[in-house]
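Comments concern the structure below.
Should a chain be cited, it is by its letter among A, B, C and D, assigned in written order, with residues numbered from 1 in that chain.
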Amino acid sequence: MTTQFRGVIPPVVTPLTASGEVDKASFVRSINRMIDAGVDGLFTLGSSGEVAFSTDARRREIIETVMNAVDGRVPVLVGCIDTETNRVIEHAKAAEELGASAIVATCPFYALGGMEEVERHFRLIHDAVPDLPLFAYDIPVCVHTKLPGDLLVRLGKDGVLAGVKDSSNDDVAFRFLADDNAKAGHPLTLLTGQEVVVDGAYMAGADGSVPGLANVEADGYVRMWNAAETGDWDAVRKEQDRLSALMRIVTVPQDVAGFGAGVGAFKTAMALLGVIDTNQMPDPVLPLKDENVKRIAAVLRECGMELARTPDEVSASTEF
Amino acid sequence: MTTQFRGVIPPVVTPLTASGEVDKASFVRSINRMIDAGVDGLFTLGSSGEVAFSTDARRREIIETVMNAVDGRVPVLVGCIDTETNRVIEHAKAAEELGASAIVATCPFYALGGMEEVERHFRLIHDAVPDLPLFAYDIPVCVHTKLPGDLLVRLGKDGVLAGVKDSSNDDVAFRFLADDNAKAGHPLTLLTGQEVVVDGAYMAGADGSVPGLANVEADGYVRMWNAAETGDWDAVRKEQDRLSALMRIVTVPQDVAGFGAGVGAFKTAMALLGVIDTNQMPDPVLPLKDENVKRIAAVLRECGMELARTPDEVSASTEF
Amino acid sequence: MTTQFRGVIPPVVTPLTASGEVDKASFVRSINRMIDAGVDGLFTLGSSGEVAFSTDARRREIIETVMNAVDGRVPVLVGCIDTETNRVIEHAKAAEELGASAIVATCPFYALGGMEEVERHFRLIHDAVPDLPLFAYDIPVCVHTKLPGDLLVRLGKDGVLAGVKDSSNDDVAFRFLADDNAKAGHPLTLLTGQEVVVDGAYMAGADGSVPGLANVEADGYVRMWNAAETGDWDAVRKEQDRLSALMRIVTVPQDVAGFGAGVGAFKTAMALLGVIDTNQMPDPVLPLKDENVKRIAAVLRECGMELARTPDEVSASTEF
Amino acid sequence: MTTQFRGVIPPVVTPLTASGEVDKASFVRSINRMIDAGVDGLFTLGSSGEVAFSTDARRREIIETVMNAVDGRVPVLVGCIDTETNRVIEHAKAAEELGASAIVATCPFYALGGMEEVERHFRLIHDAVPDLPLFAYDIPVCVHTKLPGDLLVRLGKDGVLAGVKDSSNDDVAFRFLADDNAKAGHPLTLLTGQEVVVDGAYMAGADGSVPGLANVEADGYVRMWNAAETGDWDAVRKEQDRLSALMRIVTVPQDVAGFGAGVGAFKTAMALLGVIDTNQMPDPVLPLKDENVKRIAAVLRECGMELARTPDEVSASTEF
């Protein structure tokens, strides 16, 4: 069942208009561009899809927009991210109703607890939407809990989890997870959320990747995956080197941290490339401006990408 | 405007039936018991009020139940806890519509950001519900950000914040905040979320307290506040000593951590005292059972409290 | 045996010459000033005594200087701070040889381990210097482990620990520790390392305090202790308020953090007051200069303290 | 100058006798075994070489034993690990005197500070032993500071640092560091401290590795390095798979954490293989026993390694 989720499955950035509404035209352009590049699926309402910033109505609007734009061409994973079980289950049911191919949920956050509760959380979600493949989203930087490999493999063997989206930045744990999963008969589809050490994740046995940077440039990630599939590790490495250089768009912004720098840089690059209309960010985050936009433009040019708009035009795109 | 929020304002625990529904009869009993003890206000949908576990419909049900039970006898603060600004604003508007006296919001969580965004977050919430006093909820153990004192005082002076509910467990920062607030003309009402060092917070100048333990025994906290108001520090200390001994109900449970131990112990004690019918917990948390219930009963007895039910009865209260 | 360690026991700041040597004349002046103020003991080679920065030879020089200056007038506790057991034991034996009244040791740091090793660590130290009272130094901000109260009380009852120097900034844990220690027959002398919430610690039952700020002003801490001993809590509170205002010297420095701001501010204030000759800091830390010295001078003046030297003179004191 | 430090440079585990003395015969056997396997250098007094547990006299004894055993066959890096600058410089001078090929130092720990002090720390160390290549040891799990890539490259370009021993487990930062170092003309020799994602580090451009597991089995790491040098990534991957399976010796011990589990497992495996006589650990850490030794033996057997001694014999090796 889970083999449909192999390969490159970008987490879709949510384009906004200058006034903060979902920019559907830009959204369709961005999605078509990634599908045309050959991605194997899309993941909407991930952390970089601004799930945490979106009201329930907004989440529904985003899912509908993505489902309409994709129109069955690739599977769509939907993030069901919320603090605790019952809130997640509500999102899961909405995702199912709207046609999600699979859902992605983190462990509980905000309230403190233990691993018994984490396990029960995933079991309860699966019980609520038993027909929908469930991916565990391992993202300790946001939820402050690392999902243990033995728990994940056990939930995979029990049919609770279909896979793992690993954004833990713990490559040792990922390697051990991949080994344990292989030993257990590969119940879990393992997707790395990395951008710049995807080569290592593929060598470790990842079934695919979920790179936010693919919103900016999907072709390279598709080529890297194809090279990994054929064992052409020199080609893998070469693509990774180029994409690592491109990923510097997230490290060049000054005086801004976290989501505003990371997704802010993705949106800014996409706006500079003409894929989306503005680099607007959801409240309370402000869009990148001026020097930070210029720094990102410089990285894009160094990587040989052609800009459709000037930095000043992009800085002005949210001036309303 | 904010002076109505002085004194003892317990964060209301949400009683559940064995099947996990809101237990309205128990809720009314518990609220009446605290109001009869002389508390100065109530805080619903705080962390211990299981806000993070409750769907939007459940949150609305809880607010309505509390407002009906209180019926204007004391002010009611309502927690509007969610990941980012727009989601919090939705909760704030619902709270306003349902008659909240004030709202309480944390800084953003899940996504990473900086202090500029924290400040903008509180300003945007205040802009959305300008007539509702807004308390900042400083609870780094849940949201992984400590609110800086200078930011809080600035937002107080600007009329954005009416007060602070301090659950930071950083008493040095609280002391400095109290001093800075006093120097600034006392724009902020400062409430400590502590249970066992409330005496120190009062000496530091707190305007009141929000002790979860008051769900178990409000009288002592009311007496302690009255003693502090009259400068009878020996009486303050004596009450604190007794309440600290009672607070041990949260440290005696074995093999359970965080919310399940803390709020689990409050509910278990309340069930043993006959205030509420079950010690049921919200998914994915399990209620305390057997030995842990007995340990809590032992603490209550050591503190001279009379049990209305046996530990076995309480353990059985969630067995359907 | 441990009752000799009650009251105010300042952690002694180590004055340096402009070239970084131990400034013995300043050291003697500072020590005499504190003893004249009525302190009950001194703690040398604590965190603020720059133990981590001092070579073994330097540590020996500091102990000798302090022992000579004190000359038996008050007990002297000596910090034996190092990564693991055998290194700590070497320091403990040196301290014993040099006449320490007691020693103070943290749990192991640098290498990762568990509580079984922490307990064994303290037992092995005590076995190595059985005649020397041993204080556990609970300072998680430096060693990244919090000492659990039950472990401390057990080691107290077993005669391994004579007391605890609590710099954990966890006042809830301290309150519970004080209660457990009282229940166990008070085997441990409990000293708080706080400066601005010492009033709360005294209400919780602390046997004394180890405030770094007493290097700047010991009189207030002595008066506060005496007031606490007689139960005059209004006087305690008044002294604490004044000392909290004075403690702002550590929060006003800009662009410097941690030891450089904290002990840097103590030394700068002491130099401004004429107690020591320079505000020199140990490598790699730089002394506070210019605007930061002026900010500290302003706080001292606001607190009504008379400066013996100008900020420019102090800034120039390390210009060699 | 630094090119002599490429390839596989194991951090040497320090064998102890049952009574806790340095076991020189075992030490010589272990070192010869690694050199015979073809390692390119050795790193003594690293974290796994029990530097934090060793007194200064013990450190000197270890260096001398290693230098004598190696006798110039490969370069020897010496760890100079201590809390702050002046203590590190003492170790550095001792290492120089005893013939170290290079030294390895962490940033300051215990006292809190900022990056300005970290930079000054490395500059002062280099000034004190200017002729000795200096490696920065990036090990935030022990020192609680992550060394920023731009700082490292700047210190490399300025001739302060000869290289970096990266034990940060942050492979994204390592990839960016490798890219920046290449752009800057490769001033730094970059060694990864990983064991199970060394393949990824080599693809990212690492100049070598410092795997503790090479104490148990160096041949595989030598083959992996040689394969990486010739671009035979399939062979790299195959070796890594086998070594990852072997690394499970550190995850199988129960009820023990950190150094006791990690280095404890290395020593236990080495004792089972007959390389060293006991699996004794430095105080306060206890050696692995009984079931834990059996679990490690099982992993070794699964990996096709032949045991020279039974688990019971190894468990008994420290029974004195």
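Here, a residue touches a chain if its C-beta (ideal position, glycine included) is under 8 Å from a C-beta of that chain, and two chains touch if they have at least 3 such contacts.
Fair warning: this is a prediction, and the values are worked out from it, not measured in the lab.
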Query = What is the distance in Å between the mean C-alpha positions of chain B and chain C?
reply = 35
Key: chain B and chain D: spacing of chain centres that average the CA atoms, whole Å   = 49
Remark   = Check: chain B positions touching at least 2 other chains come out as none
Note = Among line, ring, star, complete and other, the chain contact graph is ring
Key: Pairs of chains satisfying the touch condition   = A-B, A-D, B-C, C-D
Inquiry  = Help me check something: in the complex, which residues belonging to chain C touch chain B?
reply    = 169-172, 175-176, 179, 194-197, 199-201, 203-204, 231, 233-234, 236-237, 240-241, 244-245, 248, 251
Task = Would you mind writing out the residues of chain B in touch with chain A in their complex?
result = 47, 52-56, 58, 81-87, 90, 108-114, 116-118, 120-121, 124, 141-144, 256-260, 282-286
